[in-house]
Amino acid sequence: MKNYQEIIEEIYHEIKPLTKQGKVADYIPALARVNRDKLGISVSMITGETYCVGDVEEKFSIQSIAKVFSLTLAMAKQNEKIWKRIGREPSGNAFNSLVQLEYEHGIPRNPFVNAGALVVTDILISNLDNAYTDFLDFVHNLCVSADIDYNEEVAQSEKETGFTNAAMVNFLRSHHNIENDVNQVLDVYFHHCSIDMNLKELSRSFLYLTNHGVIPCSNQRILNQSQAKRINALMLTCGTYDEAGDFAYLTGIPAKSGVGGGIAAIIPNKLSVAVWGPALNEKGNSLAGVKALELFTTKTGMSIF
Amino acid sequence: MKNYQEIIEEIYHEIKPLTKQGKVADYIPALARVNRDKLGISVSMITGETYCVGDVEEKFSIQSIAKVFSLTLAMAKQNEKIWKRIGREPSGNAFNSLVQLEYEHGIPRNPFVNAGALVVTDILISNLDNAYTDFLDFVHNLCVSADIDYNEEVAQSEKETGFTNAAMVNFLRSHHNIENDVNQVLDVYFHHCSIDMNLKELSRSFLYLTNHGVIPCSNQRILNQSQAKRINALMLTCGTYDEAGDFAYLTGIPAKSGVGGGIAAIIPNKLSVAVWGPALNEKGNSLAGVKALELFTTKTGMSIF
Amino acid sequence: MKNYQEIIEEIYHEIKPLTKQGKVADYIPALARVNRDKLGISVSMITGETYCVGDVEEKFSIQSIAKVFSLTLAMAKQNEKIWKRIGREPSGNAFNSLVQLEYEHGIPRNPFVNAGALVVTDILISNLDNAYTDFLDFVHNLCVSADIDYNEEVAQSEKETGFTNAAMVNFLRSHHNIENDVNQVLDVYFHHCSIDMNLKELSRSFLYLTNHGVIPCSNQRILNQSQAKRINALMLTCGTYDEAGDFAYLTGIPAKSGVGGGIAAIIPNKLSVAVWGPALNEKGNSLAGVKALELFTTKTGMSIF
Amino acid sequence: MKNYQEIIEEIYHEIKPLTKQGKVADYIPALARVNRDKLGISVSMITGETYCVGDVEEKFSIQSIAKVFSLTLAMAKQNEKIWKRIGREPSGNAFNSLVQLEYEHGIPRNPFVNAGALVVTDILISNLDNAYTDFLDFVHNLCVSADIDYNEEVAQSEKETGFTNAAMVNFLRSHHNIENDVNQVLDVYFHHCSIDMNLKELSRSFLYLTNHGVIPCSNQRILNQSQAKRINALMLTCGTYDEAGDFAYLTGIPAKSGVGGGIAAIIPNKLSVAVWGPALNEKGNSLAGVKALELFTTKTGMSIF
């Protein structure tokens, strides 16, 4: 077998043409002006090695990938109690659908659809001293880096245009599934999603999920083994919006994507891998990113199945 | 045939026991504390006579009945242009459903579901100098009475608990079907719905719809003949929430109800009739009111069919 | 005012260009080969006069208009009992939707959506000696003509291609809302819809609904007054598929349409009017027919509102 | 760690009380009369050892577990071509819902909902010489046993009561997603689901999925490695009806259940495990079976994550 560096370079060249296809998210200016040619892959081994190719030093908006960190922090604080307010089933609908929420009386299907992440945010507000700084500290810890921050322009733009999320949080509140002020929940939620990272930081930040809940380099336990497995299961069944079934079929690994074009995945006990390609497919996942992960599992022969 | 006074007194006694059934709206304190025993019927003839029985002098919250006045004012200002933003079909769903709105991409089914009334409110804000005072003046005009006002306690309570409407207006905004600030739209909407009237005022205020758009006593034209007929058609097909089909089947006349327990109906060219009974059936219409109107059409032999 | 003959001739010329627009139903050969240029209007007065223009002698497939006759016969036999198995609400969905049926646990929204008509058919099978010949005799009676028959080619074609209706009747059966054999129900249903009539017969056949349940020329009572009014109410709220609200708004009269391009309407106490124009709008109603009725109510000043 | 035999005996005793809860499927007599006290667990190692406890020799109806075999045979015959007619996404709805099918225009969400399995059956009919005997031969091969047969009583009962499936196949046909005669498709489908097996046979029959597509004892290749992984991914995301997300969360392994109370799961590269407990939870999965697999993964520390 080729080594990891050779493999990701090969993949980089194979997926490069895909950056010309698809559509960069354009609902806020900060995302719309991202160069669609950006492309990078970063691999972090549980044993400490890293392999990179392409635009791995440039910060980008991780968007919904932050939902994994929110969920992790909520489970660390509240464990299984959170499931009284959120389901664990794939949604079978677009990530921002109100329909399912209405049929299921205000219980979001899972923590990775927007409605579910809003409830997770509400849980964090109720359980953290400061939902802004505590969350950021937590992410610093996962990334083993303090050079990560909210992007206030992104957070502000999201807020100004986020009418669907505002609809959702009000609807959840009408079903008594939001405890805090709706505007506060939205503001915290938009901040969490506004975090900027580069690919090296992103792949590193997922290593605790590869390693049964423990950050390998610091040996710090974030979750217990069972919790870590469960978040991986949720990423596999719900991590890539309404494409999760297809994604599991094609790649066979747990992953979480964001509309900033990032996607992060893990192979249990081995490694985490993050890809960035801003152009999205029609399901809202990075076109180049999904293909890169499919090629990565094929070329390395890795799969959980 | 008995005369009108005899008929409504007979009906009053027949429906009196229904005030013990059903459920008074309790989502805000001002509605919850209304005495469920209240009951009255008021008939206003196009020719000026009036017939009353029961609690016809006491003010109550007309709630969604105000949607008829908003629609009338919007049609008077914008005529058929409003139908680019609202449908004219019965909803087949609860009055506050987000599901249909999502399937139909932010175009509310009709102006009497909440989403449709929010769009009507938005139209009024864009087309009136002052959406609060101008609307109230308009209602004074219809009632031929200046003794009608917003109930600030009701408006305020609606606002504090109106998360479903807040969800709706944000969702409409996300589909570019709200032009003004969402909080302003909600505030105006809640004010319009908060109007208090008594039954005499209410039945009188509907006479322009009985009389092809002209207020009989003042001879003032509010709508042209075609517009008046069309609002009547909309009341028949959409005026009593998800019970409109049943209501048309049983009574055969156009009507509009509100969760305050009021319901107002018209017989073209003849009369308008308003009933108040605070206890609601499971569709949200006054139990006594629906029955009263069914008996009224049966006993008078009146029907549009 | 012009006389009826002048009015319908004027309308005929105004709507003639519409025969070039829209789409003739083509799901079965017998409908697909109908000439889209066909156009006619027939008016039957309660007092016996008739006014005609265009293709009023040619037979065409009345299709869903037959649902009015089925419902009439079922109400004549079972009166209000039928409403245990069928609703009376507009559907808010396409006429052949399974979605609403599933959400409402096998109770069709109204007797004019296909699912509702299948239940009506099932009721007729259980309550007639022979659901084929008795129904035909009944229609002969309404039309005051024995020269009306099933079109076996149409019935056969419907059966061979009617998979959506087959889905529906099986689904109803799974909810215990069909008593008879599913294939028998389908066969009877397709036969009833296959009836051929010409416009003169069609307008005449609706006169009992104009006349409070009594056929004017024979003085035969078909329904009581209340039943006749109620069928008119149902036609107004549900008679033109998912366009019923718009249709009521624009014409203000009860009507029932079919995909064969026919549409029949009534003005209570006065007349019935039938129009045929095979090309359909996107809701499945005759383009020329809907416009003709809108013009007819405008030019005659007639409306129920 | 305890050995497998000790572990499954321990689990057997822990789950025994669950046989008193839940509800045995009763929609056909052959299922309704099954003794709810039945309980067994069978483990088949890739290396040939087997471990059993409880009712492992008694035949029961495998029902929807057969969908794994149908899908395997369809993929072996047609590979990726089948995905033009079936999706690969979790359903977010009950296994027999028509709603999603209507919204998605006749393309079933995945091959394990009934609609998807009916399309798979249609593919088999078009691609096998004899869809009855060839399928049975294929199952004999997987089980390394010829002592397995259709249960004609079950197949017959399903057919007599299977109106929902009849609705579905007709609906699929109306969307041109069924090529063969609808009654033939239903008959073949009901036969495939009627297969009886005992637990030893069932766990053995899943070993090819554990072993990358090759039956371990005969070394016969059924699927290529990629196909086997993909079927495992589908079982994880869609194998336990609308409970798949919860199941993946709690057990972390691919599995397929049936309303006969059977459930079969695999741990890649190691073993397959089958459990039988006739009483079902409200999602239609064996109550004891789901708990047994959760305990099995906990006690063995096995998981794919």
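Each chain gets a letter, A, B, C and D, in the order it is written, and its residues are counted from 1.
In this section, contacts are C-beta pairs under 8 Å (C-beta built on N, C-alpha and C of every residue); 3 or more make two chains touch, one makes a residue touch a chain.
Computed from a predicted model, the values in this text were never measured in an experiment.
*Asks:* Could you give the fewest steps needed to travel from chain A to chain C through chains in contact?
*Replies:* Counted as steps through touching chains, the separation is 2.
*Asks:* Quick check on the contact network: minimum steps from chain B to chain C?
*Replies:* Minimum step count, chain B to chain C: 1.
*Asks:* Which chain's mean C-alpha position is the greatest distance from chain D's?
*Replies:* Comparing chain centres, B lies farthest from chain D.
*Asks:* Approximately how many whole Å separate the CA-defined centres of chain A and chain D?
*Replies:* Distance between chain centres: 32 Å.
*Asks:* Measuring from the mean C-alpha position of chain B to the mean C-alpha position of chain D, what distance in angstrom results?
*Replies:* Distance between chain centres, rounded to whole Å: 55 Å.
*Asks:* Distance from the CA centroid of chain A to that of chain B, rounded to the nearest Å?
*Replies:* Chain centroid spacing, chain A to chain B, equals 47 Å.
*Asks:* Among the residues of chain A, pick out those that touch two or more other chains and give their numbers.
*Replies:* Where chain A is concerned, no single residue meets two or more other chains.
*Asks:* So, with touch as defined above, which chain pairs make the list?
*Replies:* Once each pair is checked, the touching ones are A-B, A-D, B-C, C-D.
*Asks:* In the complex formed with chain D, which residues of chain A make contact?
*Replies:* 87-93, 100, 109-110, 226, 228-230, 232-234, 236-238, 242-246, 248-250, 252, 254, 268, 298, 303-305
*Asks:* Of all residues in chain A, which touch chain B in the complex?
*Replies:* 97-99, 101-103, 163-164, 166-168, 170-171, 173-174, 182
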